[in-house]
Structures are given as structure tokens and as C-alpha cells.
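Attaching a single structure in C-alpha cells format; questions to follow.
Each chain gets a letter, A, B, C, D, E and F, in the order it is written, and its residues are counted from 1.
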């Protein structure tokens, strides 16, 4: 039984993230999406919201993916959940060196945890949460870059901000 | 049951290749090392030799790794063996763009095959068969970069060449 | 009046090349597709064939694009045709350094010629003629990566090769 | 008639920026330099100052370049000015991935806007406003990296800061 | 007599930094480790502490390395100490463009100062102070990445923080 | 006493190579330019010619640079000449990974040899012998990219080729 962790901030969840999780669910017996529990002021959505958006967005047939919050190091999280794999997406070249450095550090701390990299599907190359937030903050919707429920959540958040 | 293919020329097999295969064997139920069956004049070792070197070098406890020759596209090979995963090692940044391009092409041809990337262990970063052959051809042994049996085979080959 | 040259081997023409030419045709008054006239043995299609494939593939409404053969340096070609612009596509990071080096060299030789870079459309990122030839040679069609007429030409060429 | 936007912070305007604008003015009928109107506390010069420095620095013969302030997305600005082209300079490899990501995002939001990239002239490769500000703040003049009027403005600003 | 400066923040000193300094001490007559004297709130250790850690960590046989604090530009520091060389380590590709840009800027300001780059030893590739601080802040020791005295200092600092 | 080797093919010697050698001559007591003695058919100039071009091009005041031919590995050459340093120029990002890989391999074979990297001067960034040969073969002179004597040698070689 191989259990994998897919960690991230997911602020917001993109179609690229969802794609990686679904693809990982076919490779491993269980996939745990681990939503980084950072202080809310730096993020658009709170941890609970980001977890709920993930749960709603997962396709019905995908039954081996669960969603948890986490703090601290991903290798500690993996040990805690008895997972032996970290899943990471590679969207762009600039991801690569960061991931290589993190991977070398992780393996120094936890040689028993393997990191597995999936490359972005063609339609999600160079798609980032940061860019989506930036564009959305300037009044553009990017409906084909996020799941439908995230799109709705972004729209509501925008209306609140306008009124606020 | 997830079956994975680990394709390559392996001319010669390095400790970096062996490391990837052993790590992959813990992730997937079966790993098939697929040795590219290229015309012998371009390579140092013939296909049969490269397969034998792999079989000898695999640690005794690793029982779910087998070795086969192949020609053609790796996605066709995967279909033929009913494998759903291709395993690839990332040794260096320059590998990344090539692998990204190959991955996009492979997924266009065979959307059902997933490519999974493992990053080189620290001691095998930037280790390449090409460099080993070059250095060996100029009279240096690199015993800590190849398995012991490959080291012996390289030494024998060198003595033959000197006499030849 | 700004006349631009779009030089390349185009062996074969891909949808990515066609996309760049059509986009350039909206920026400049005239675009001259310049097909590199290399010795036929290194290429799949002869110069005349590659020119014909371009002419057939150009959409009917695009009337300011013409196709010529060329040898030698692209800056000499630009001078000969009284063009002030070279158009180049950037498909991937690995293109960038080569293009930067070529651009610096070109501007040393011909400071009056400007090179203009367009980035690949999303669907044609990392799409290369080399990869297409490789995959096609191994028996796969990639119909959505080349124009329909190039697809037919590749199929015919394959049947000839099989009989030959 | 092709109208192009050349957007940026230009804090301060460098000789590299000026070079791109002048080169773009030969390619397109009109070039609009769009100076990003950010909150003054994060920048060295206020928007009005940055616009004035541009207008003074443009060579007299260049009559088709105008200077405007802007906020928000560059594709919205382009639509507002009925421009079909965004001009961007590529100074270094690290610019490339950012520009590729921005370009893919821009074309998703505004498929009618084309981004055109010019590579830095040899003498302005790797020249950045950020580095100039850093070096100037530590007491060095870099007269050959900025136009003469920007050099004067930087000197005046430095004297004010010393007195302030 | 060639005197070299090895500048950095060294917050904290890693085995990678120590390795560069020792290797540089064999190339040049004198090596001055220059510890950047930044405001303490942004750093883990104060300037005096970082200097003391360097002095304790240098192997006894290395007698031509001294440690000084500095502010401002490294080329001004080099002039002040009559040094003609700056030593820099290259740990990763992402260092390269930053170093190239800095080097071009430095040589514009001080053409008499040469920058010399040493590549990280194999075991210290991709090792960064930033990552060490991050991991240590989350409760992991990385004893084999920092000198023994730095390891003790990090442990003490951690206990103070827990009690504080 | 530190003796350094500066190895290369130098086919032909460029102003970039000359710049690196002269800069290295200020850092080390002796610099030995080592001209790779490859089979003449692959190169434009024979080994003896390339050595003579170097000797003529070195400025009169530079008295600690000598020129030798070599075959085999540069670390063996360094041992043979009792040199402890290899000097290499970094012209472009694409040099970096190759040099990193070579450096790791060299240090595995000869831990006592240090490689020292100098970055290209601004005017010689991205300048390569390969590009010079290509452009020269197509009828363009690049007088400001090679020393005067190399320029004459290239011109003579071209006239011979035209008559031949």
C-alpha cells in the first residue's frame, strides 16, 4: 500500500492542481491533499475554505483522495500519516531548481520519503495561483483556469471586497 | 496493480540509474527496465551485455524489477507490457526541458500513460553515461560512479581495445 | 512600409510555424517566409516541397505572406529583400540563449535589421519539427501538430519509405 | 496602422529602456510608453516625474512615441488605446519565463493583443533599474547606464536625501 | 601578492561557505571573509556572532584567512583593503544570472577588481542558509550542513526562542 | 607559486579568450594556455597554427602566459605541469551546466585541482568560436570579435578555400 501526500497552499486551487491530484490518484493507493495552514492575512481564502474548495472540486469517481490541513515540514506530515511519497507538480523551469533544492533537503531529513514529480498537462503549463489572484484582483475572470466552484468563490469574494 | 517502465540506453549503467530503479521499485508493483536496442556501433556495450549488467547489478532483495530490450517509442512499449507509468530520472536542469517536451509529446500520443520523475540522489547529480565513457576512454577509472560489475566490464573492454 | 522575414528549415512545417507567420502578418505590411535551401539528404522534404506545403497551408485570407527559398545568412537575405525585420518564434527556454546569441551576432553584422520575437501560442509550446519527424518515423501520426496538407505529405512519404 | 504599447515602471528609465522604445518606433506606426502609476512610496520617482524623464530623454527625431500613465492590466490599456501590440524587452534569461507566463495569461484574457519581444542591445544586457537604484543608493554613479537627464535627476534626489 | 575578498551574509555560515573559503585560501595569498553588517532584525545572528562563528570554524592550518564586517558595495570594500579579487561560490544555476548581472555591474564601477567563481563541492550543491534557517525553525537539525560550532549556536538560539 | 591552465580548442582564438587569459595572468603567477590537439579535419586551423595565433595575439606586457598543445584530460595536463588551477570562462548560461558537470567529474578524478571561473567581459558575452566560423564561412568578417592576426588568418584561409 503506497500512500502519497500532495502538499501546497492552493490559494486558490487551480485546474492544474486538480489535474495533478487526479493523475496521482491513479498511481498510488491513497492520495492526501495537504493544505498549508498559513495565517489568513497573507492568503485570499482561509484554510477551511481552501479545503472545502478542494473537496467540492474533486470528481465523484475519485475516491482515494482526502484533504487535510498541515503546518510545518512536509516530511514530518508524511511520517505522521505513514505516507512514503510526496507528489509535486512541475509547471515551469523555474520550479525545477527550487524543487531540486527542497528534494535534496527533504531526503537529508527523511531518506525514507520519496518525492515524485508529475509535469503539468499541456493546458496548465505556467498556470499559477499567484497570477490568477493578480489578474482577478484587476477585474478579469479566468474561468478556464480554475474549477467552477473556485470561480464562484472568487466572484463572491470580489463582490464582498467591492462592498467592503 | 501499477506496472512501470524505466527506459534508457544505459551505456553503461551507472549508480545513478541503479538508484532510480531501486527507488521506483518501492513505489510501483512492478518495474521493467527497458534497455534501448540501438545499433551496436554507436554504443560501447551491446544490448545483451547492457541487459546482463543490469541483472547482475540489481540488489538481491529487489524482486519486482525485470529487464527487457526495446525498440521504438516508449509509449508503445508501455502499451505492449500493459504498463501505465514511465519512470524518468532528472539529473540536471538541462534534462528538464527535454523531458518536458518528450512528456508533452508522449501524452499527445498516449494520454493513458503517466510519466513520473524522480530526482537524482545527491551523490549522482550531474552523473552521466556520456561523461563516464569519455573519461574512461582517456584512461581514468571512475569506480564510485558505476556498479562493481560495470567497472569490471569497462576494464575488460579497455584491455581488449588496447590489444585490438 | 515594414517588410519582415520569417526564416527557418520548416522540415516539416508545423502548426506552430503557421501560427507565427499568421500572427506576424498582422504586425507587418509584408511577411516573407524564407525556407532554408539545405542539401536534400539531411532533410525529409526538398526545398520545393517545403515551399509548396507552406503555400498550401496559409489561410486564404492571409494575402501579405509570400514564400521564398534562401541560402546563407538571414541578414543578407533581409538586405536583398529590403526587409528591416526578422521574425523568430520562441517555443521554449532552450531556444532563448541560442536566439540571443544569434541576435547579438546579427546586429553586429547588420545593425539596421531588427529581430522581433513572438512566443509560441499555448497549444504549440515545445512543439518541434525534430520531434515530429522522430515520432512519425516510429509509426505515430500527430495530426493535430501539423497542417492537414503536411499530414498527408508525411503519410505519403511513409508509404514510399515502406515500399522503398 | 499598428499601435504598440511599451509598458513598465521605469524607475528609473535606463538606456536599455530608451533603446527598446526607439527600436520599436521603427517597427510600428505609433508607440505609447505606458508608465505604471504605482503608489509613490515604493518607487524612487513619482509617476509624473518618470513620465517627464521619458519625454525629455526621447531623441528629437522620434516623433511617433508618446508617454502615458496607467494602472491595471496592460491588455486593458491596449484595448483602451486601440493598440494591438505589447512591446517587451528581454534582458536576460530570467526575464524569459516570467514573460512567457505573462504572455500566456495575456493571450487568454485578450487573444487580439500580440506581444512582441525585442532583445536588449549588447551594451544593455543584464541592465536593470533595480540594480541601478541599489548601486546609486550606495553612492556610485552609473552615468553610462541611464540617459543624461535621469543621471541629473538621480544626483538631485541623492542630495535631497542626504539633507533630508 | 593577490588579496581576495569573500563577501556574504553567512546567516548562518554553512559547510558550503567554509569549503569555498578554504579552497580560495589555496589560490590567493590572503583571503578576507567579509560579513555583511545588516540590521540584526532581519538576520538570525548579529554581525559579531557571525564573525565569531567564522573564526571558530576555520581549520587551524588555514592561516591566511581573516574575517571583517562590511557595509556598502563589495567593490568599495575591495578598494579599501587593497584587494583585487572577489570570490563567489556558485551553488546552483539560479545563482548564475544574478552573479553575472552583479559582475557586469561591478566591473562597470571598478574595472580593476576581478571576480572569481568557484563551484560548490558536490556535497554542498544547492545548500543554502535560507533553507537551513527554514528547516531549523521547524524543528529539524541539519548537523551535516553546518560546522559543529554553528550547529551548537543554532541549538542554543532555538532553546532561547522556545523559552522567550 | 600558483600555476594555472587555461584549456580550449581556440578554433579560432577570439577576443573573449584573449580577455580571459590576460585577466587570469593577473590572478596567478603563471598561466599556461593549453591548445587542444584535435585531428585537423574537424578544425579550421591546425594545432600549430592555433598556438602561433595565441602567441602573436598576447599583449607584449603579459609575460607570464605560455602556450602548449595537449591531448587527453585537462586534470592530467595540470598534474603534468604541476599546476593546481584550471581557468574557464563562462560566456552564457548554457555554459554553466556543462562546466558544473565537468567540474564535479574533474574533482572526483583530481581533488587537488581547483577550477576557477571568470565571467566574460560585457563585450564578449555570448561570443563563440563556432558562431564566428559559421558567419565567416558565409562571407562576413567579424573584425571586432577576433584579434587582428586571427582576422588576417581567417581572410587568408577564406581566399585559399575560394581558390581551392
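Note that a residue touches a chain if its C-beta (ideal position, glycine included) is under 8 Å from a C-beta of that chain, and two chains touch if they have at least 3 such contacts.
Bear in mind the structure is a predicted one, so any value in this text is a computation, not a measurement.
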Which neighbours does subunit A have in common with subunit E? B, D
Does B-C or B-E have more contacting C-beta pairs? B-C
State the chain with the largest centre-to-centre distance from subunit B, centres being mean CA positions. D
Mind checking subunit A against subunit B and telling me if their interface is mostly the same residue numbers on each side, over half, or mostly different? same
Compute the centre of every chain as the mean of its C-alpha atoms, then state which one is farthest from the centre of subunit A. F
Approximately how many whole Å separate the CA-defined centres of subunit D and subunit F? 39
Distance from the mean Cα position of subunit E to that of subunit D, given in whole angstrom: 35
For subunit C, give me the residues that contact two or more of the other chains. 93, 97, 100, 104, 108, 122, 125
How do the chains pair up in terms of touching? List each pair. A-B, A-C, A-D, A-E, B-C, B-E, B-F, C-D, C-F, D-E, D-F, E-F
Residues of subunit C defined as touching subunit F within the complex: 72-73, 76, 97, 100-102, 104-105, 108-109
Please give the residue numbers of subunit F that touch subunit D in the complex, ascending. 93, 122-123, 125
Help me check something: in the complex, which residues belonging to subunit D touch subunit C? 2, 23, 26-28, 84-85, 90, 93, 96-97, 99-100, 103-104, 107-108, 114-119, 121-122
Enumerate the contact residues on subunit A facing subunit D in the complex. 92-94, 125-126, 128, 131, 135, 138-140, 142, 144-145
